[in-house]
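Both of the next two complexes hold subunit A, though its partner changes from subunit B to subunit C.
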Partner chain A sequence: MEGLIYFVYALVGILMGSALSILPGLHIYSLAAISIILFVSFPSVDPLGMAMVFTGLLVAFAIVNAVTSTFMSTPDDSLRYSIFPNQKYLMAGRGYEASIIGGMGALGAMLILLLLAPFASLIFPVFRKLATPHMPWMLIGCVVYLLQTEWPKDWGSRAKTRFGRLKDGWASLSAGWLVFFLSMMMGFILLNMPVTSLEKSFQGAIMPAFSGFVAVPWVLTNAMSKFKVPQQNIKNTFYVSKKDMVRGTTTGFLGGMFSAYNPMISGGVGGLMASHATVTGGDIQFMVSGSAARFTYFVGGFFLIWVPFLHLIRKGLANIMVPIFSPKSEAEFWLFMAVLAISAVIAFLVLILVSRLMSKIIPRFSYRKVSFCVLAAIIALVLYFGGWAGLVIMVIATGIGLTQIMFRTRWANIMVGYFFPAMLSMAGLAAPILKILGIY
Partner chain B sequence: MIMCVIALCLGVVFFAMYVKTSTSPQPLLISDIDRWQDYNYVWIIGKITSGPSVSSTTLVFYIQDTSGANPLRVEVYDPEYKTLIAENRVPTVGDDATIFGQLRVYIDGSMELRVNKASDVTINNRAQAVPSSIQEVKDSWNTRQGLEYYRRVTLEATIVGLRPLSSAKIYTLEDNSGNTIEMYVHNGLMNINNKSFDFKLLQRVRVTAGASNYITTPQLVLADYGDIEEIGMQSPTPASLDNIDSTLVNQFVRVGGKVIFVEMVRASDSLAVESYNIWLDNQYNPRVSLDGDVYKLLSDNARQQLKRGAIVELTGIVSRYGSTFKINLLGPPDISLQSGTYEPPLVENFAAISSDNLDNLVKVEGKIIDDTPVFEGLLPVDHGFALQDNFGNNIKLFVTNTLYERMSYPPVVGDNVRVVGKVIQRESSMAVQPGMLSDMEEVS
Partner chain C sequence: MKGVTHFIMGITVLTFIGSVMRGAVIENSLIILLGGIFGLMPDTLDFKFLVYVEKHDVVIDPDPSDVRPKEIAGKLAEAIDKAGTLKPGKMVKVQLHTMKLGPDLWQSYSLFFNKRRNEVIVNVGPHVTMSRVPSPGTEPPPDKALGVAKYTPKLIDNYGKPTPIGGFSGPSFGFLKKKDGSVEVVFIPFHRRSGHSLTLGAIFALIGYLLTGNPIIAVAIFIPWTFHIILDTFGHMGNNLFWPITKQRTAGLYLTSANNPFWNPFIVYSCMALIIWNMNRFNAEVSPLYMAFEPGTSVWLYLFLVVVIPWLIIGAIYLLYKSRVKEEKPEEVLAPMAGAAAQMATEMVTEERYEDVGERPKPSLIARILGIVVTAIILIVFAMYGGGW
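For the complex of A and B:
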């Protein structure tokens, strides 16, 4: 029973992850950096134990971080997908309910992952065999789909001329393309040349860019709006039907797993595509599937490295862990699954506690002041992780993020645009463009 | 609440599975590998059957398990393989090992296991060398069952041959009873301990190597240059070229003489030189044959010196073809050379060259008046130059494609040339065929 010690390691990770998850604007990549700091600080710790700390950290982040999105409106790219219903609930005094529903979605996704585990070593290796040769064009296909499936927005009046109507029809689409293009150019630069100093290089580009793309524009719009967070109701009964729960969870799991498996596809993009594929509708399904997609994206990506025969390295934390510990045996996989199950339950309980606390605290503060405080926290974090260069990156990325909000185009265009250079690189097509830009 | 309870229950179940499976890794049998396992990470437990071979980027060895399937190629890349070397953990033939890595299964059925980390190679039981003999190793190929054959052996033998390959050398070892076995020595082994490997023909050695195989033939595999040591030298039989007879067949002899001609013998399907025939002292003595690959083992200086006029002393093995004797200069070539000159008599009038001169060495000088190509299938053509003397007589100058394609400035119609060659017969007329590049020179 010496394996029980690994639950203690995981508990340490959960407590740390829960504390960190309440920080607005903290991205998963920041968490990865913290993981490295942890390892460097405790090099003599059992590598498997450290892997369990990472597991607890990640699970807590995937579940508890939903609090900041609901109560502070600072979503990351994966939560952006489900932020609208959460905001609506918050304004209706049901922020606690939204937060817990999200947690239930995450738990549901985790249950699917647990049920999938015994078959994972059979399914995923075959899937890898099938998908690997087709990966570049699959990813580029996802981008084309996202760009071209944006429905024209209703701008309030129907233009009188054919040209006017054509212009209206293409307004959102072309704005989407513009946002995609700007983000792509930023990706070409940040993913291919050092912008920040060497010691900041790990976090330097990505974390500030993502904060600028998603969190800062959202906080700024909140700060400019003059609404006040109403008194929040805390109740233990939730109006969630089984249908909404099952449908939302499975949809979210599908999208999350798609993005977990495929490089460069974020959880939000996967969730969006899955919701299109399954025609998800309604606030509850939206919130449940969003949280499920987010959980599966983060934890599912990490899960892939543990699967016997597969050991697929996907997403940030797996990459961080490999130099420290590489899972190799079936036993380690089962241990990971056990720790995952227990950690998720504990993290869910933490989510309940923190959501209750937030529901009591948040209405006492001016939402604008909270937004400015959040903005200050984000800037501090970006400065810490990326330095001044990181701050400049964040400002530029914020411009792109605000363009997306202003033209009401799809936010996912930013994400896929940013990673599009990496997809082109996988297909062997990036070098000519890099040459034109003078980077290569 | 229900979801939490289910999750906790599953957590307990999974922990029980962890406890149940945590005793040892679960290996995959090599015979169970199929195309769908391409890219899979697997454990293989078995015995090392061949290797190591080392390049600047990769260390390769082969492992076989009890499934009876063919050995699996294992590759460890730089810098991880250097860790194995530094930690003295390079797997060698006979070791029991556990390897974790990513499978690659190709469409042609070939497979390999790619190891990402040095720590993924575990040697469970390092094979201890046991005293043996060539005869015992060869016999055990038939008598030992499966993996039992692969082991480390120490034996004493004499180096009686060397066949160089592009990345390795195959030494032939012979014991006192005349039993021989080949020993594979990879060129990259110098990366393991930076030792030199300079063993000579007829050296007696004590070698510790892996008993392995090449296809269906037993073969020794050297794992480290330090695993071989000299224990003596076998002397060749002293002999003179003019008294080589059947009693010396298959014996190593030490002979010497003056090189009067060297001819390149071309390969049938390429422009490569298959062998070199060296004429010593006169045209009647047994010729010395030097394989093209062995010729490459000579130093640059020796290659330059090996031409007409050189004084040589060499050790070779006598062979017989019908009534003709031949001395085969085997690798590692044991030859000493001193520069010198030799010119055969100049034939001024080509009409004097008749069938009586077949296989004689002649020197001719004249003007090229014609160039007739002789087609050689897909290879470049041979050249049948017509050479005219000062008396207006012609003789054919036959230059093989192997020689012609090596010329920096090949002769053309109108050139005056001086050629040393042997007289041959081509299409019912006499011709002169030069042996090497130095046998042809342009004269004003």
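For the complex of A and C:
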């Protein structure tokens, strides 16, 4: 009976996480900041209880935040991998369906995580031992792969000359490399120079950058596109084949876990690589695997710190939790797994309710007005966390994000570009570039 | 094979080489990444460079507001006839463009070479998305859906199926005059020629060596490049191994297809297992802290436990699923193609598809088995001696 109190803590986290997830443009890093505020505000709370609040918060964000991405089109970086089919569904009056299909992918990933849990303390320490000395080339290899596998998007150049065709084909490719380069330069500066006050340096620099890279460009393009959300159809039953579910979930889980385990690789990047490896195709598989990858990336990263004999600190929330609470026993791990599973089911139910609500509300509003409101909310959040310096960072990052959209380049170039300096640091190659930039 | 399969295969073969792995562990050397880069390079060259420098004799760019299938079929038949008049070894190249209607909407059409009747058949289909999901009710009326044109020479078409043209960019075809007077259909003629030759791989390796003076660089370029060609040879299309000495690409071994959803994950998984094996082997030389199992463990036992058993289980589940579950049709945003267009497409395709199977120049069973054996031998040699290189 004593353990039940931890489920109550998790429930508090789920409710808070669900409420925050509906705020468009809220990034996971903002959620991490809120977690710190929570802990500081309630110092007398049992640390394990606070860890359970974090668990509920994270699970709710990983599942419910898909609503804003489907209905308000402000996806965070890990959702960009699956947003296009979601938007197509929204335009076809099937936003609710898209939202639930995504939720099912996340639940599927949760199931795989549960199945993996008994073996986690055997498998992950092996990977950790073997991969640690190879981390630099593995991470840089992911970047190289992403840059090399972006294909031209000229849709068949009509230019008469060979040079003309080559120029057309390379327009999007060179823009992709430019986006990578600019994002990398921003990473070099923001990850190595204090541009905001010290106490806000983490949220104040990274959160505005990511809002600018991802959320603001999408809101701006939505506002400009005069897009009107059609009437949404809420169906109680819809058909998703077992094949799509199994392939989508497995692919998403593999990609998400790859990103969760490896530092600086986002869920979208891992999901993209896994979808290439498993030859995933079709909108449904894409949506299922996207949500599964996102869930596994966020939750799987947090899961690793709980695994007995591993204690691997990966991703933002685990880093924040460590000073407060550090899991030590197998009993804590299984308590965490139980809380995780129940939280995922509750978050899925919340997703159903919120998606129904959104399906009714969103078509009644002007999408342009909603977009401007979203933009205002993002600016307010950035100003709160990053001040004016944060706003400047956001504007610069928005320029990079808009370049990516205009030239239809791969969004992952921004993500990997931003963290590439940290990867170069791991390989001992960052110092010369920092010297040239005058930072080192 | 998919890009990721080639990329990881390139890295995998380099993990067998002792100096590369020791460099990666001790000095954070990135030479190993040359394996991924040059494992994928043949496709990078083909689809980012050679596709643009290909010269086309005929360009077919249909108007989506007024698609004329008969005209398209006529131009293709004319190109085949023209190829029939050329000297053996010469080719007429035709580029077909797609018809973009919106951000994710294309007017679809397909073309098929009916060899029995010496006809090019062009079918105009519905509007489709990039993932080829058709939009119901957008099929053209029957009188505008079909175009047929006659050609004269005997045609050899190894593909034997209609080629659908929807999203992305359209394909090109080469019509190659053969010595016996027939004309062979060469799908995307720029692909798997110079960019997929051992000679170009050797040239890159030589450049790498001359620039760095390090023979390992040459190995790190040439071996992954060669493995790309080996993997592609397992498919249908084959390669042109000794360009420019040999002019045309040979047929593949027909063991798998490039987008196979079983073989791609299987190879990626197997490669990862081998990388882990090699990590353990070379980490052990640096520190036992980075070692997960005894370096003396038999590689065969390891592969049996880590690769064979899991894939036997996956295969059994897959077969069980196939035997119990009937074909499921996912309900995508837009419904599947229906009505007269679907019926026409199905009827015209199935009859001819089976007829053509016998004509495909599939290599003999011995050649196909030999392909796998040669690959296995190369990998075993790497496993046995690579550590000392």
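Keep this in mind: the second predicted complex is superposed on the first by the 436 of 440 C-alpha atoms of A that agree within 3 Å, B and C clash if a C-alpha of one lies under 4 Å from a C-alpha of the other, contacts with A are read in each partner's own complex, and residues count from 1 in each chain.
The criterion applied here is as follows: a contact is a pair of C-beta atoms (placed from the backbone, for glycine too) under 8 Å apart; a residue touches a chain by one contact, two chains touch by 3 or more.
On a predicted model such as this, the values are computed, not experimentally measured, just so you know.
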Subunit B versus subunit C as contact partner of A:A117, first or second or both or neither: first
Subunit B versus subunit C as contact partner of A:G108, first or second or both or neither: first
Partner chain(s) touched by A:I140 [first = subunit B, second = subunit C, both, neither]: second
Larger contact residue set on subunit A - subunit B or subunit C: C
Touched partner set for A:T132, first subunit B, second subunit C, both or neither: both
First (subunit B), second (subunit C), both or neither touched by A:P43: neither
Which of subunit B and subunit C A:G438 touches, first, second, both or neither: neither
Overlap of the subunit B and subunit C footprints on subunit A, listed as residue numbers: 125-126, 129, 132
Touching residues on subunit A, where the partner in the complex is subunit B: 1, 3, 104, 107-108, 110-111, 114-115, 117, 125-126, 128-129, 132, 308-311, 326, 328-332, 334-335, 337-342, 344-345, 348-349
Subunit A contact footprint on subunit B (complex, rising order): 3-4, 6-8, 10-12, 14-15, 17-19, 21-23, 25-26, 35-43, 100, 102, 116-117, 120
Complex contact set, residues of subunit C against subunit A: 2-5, 7, 11, 24-25, 28-30, 32-33, 36-37, 40, 44, 47-49, 51-53, 55, 61, 95, 97-98, 100, 104, 129, 131, 133, 168-170, 259-261, 264-265, 268, 276, 279-280, 283, 286, 289-293, 321, 325, 328-334
Residue ranges of subunit A touching subunit C (in the complex, touch as defined): 84-85, 88-89, 92, 94, 125-126, 129-134, 136-137, 140-141, 144-145, 148-149, 151-152, 154-158, 162, 165-166, 169-170, 173, 238-244, 247, 273, 276-279, 281-284, 426-428
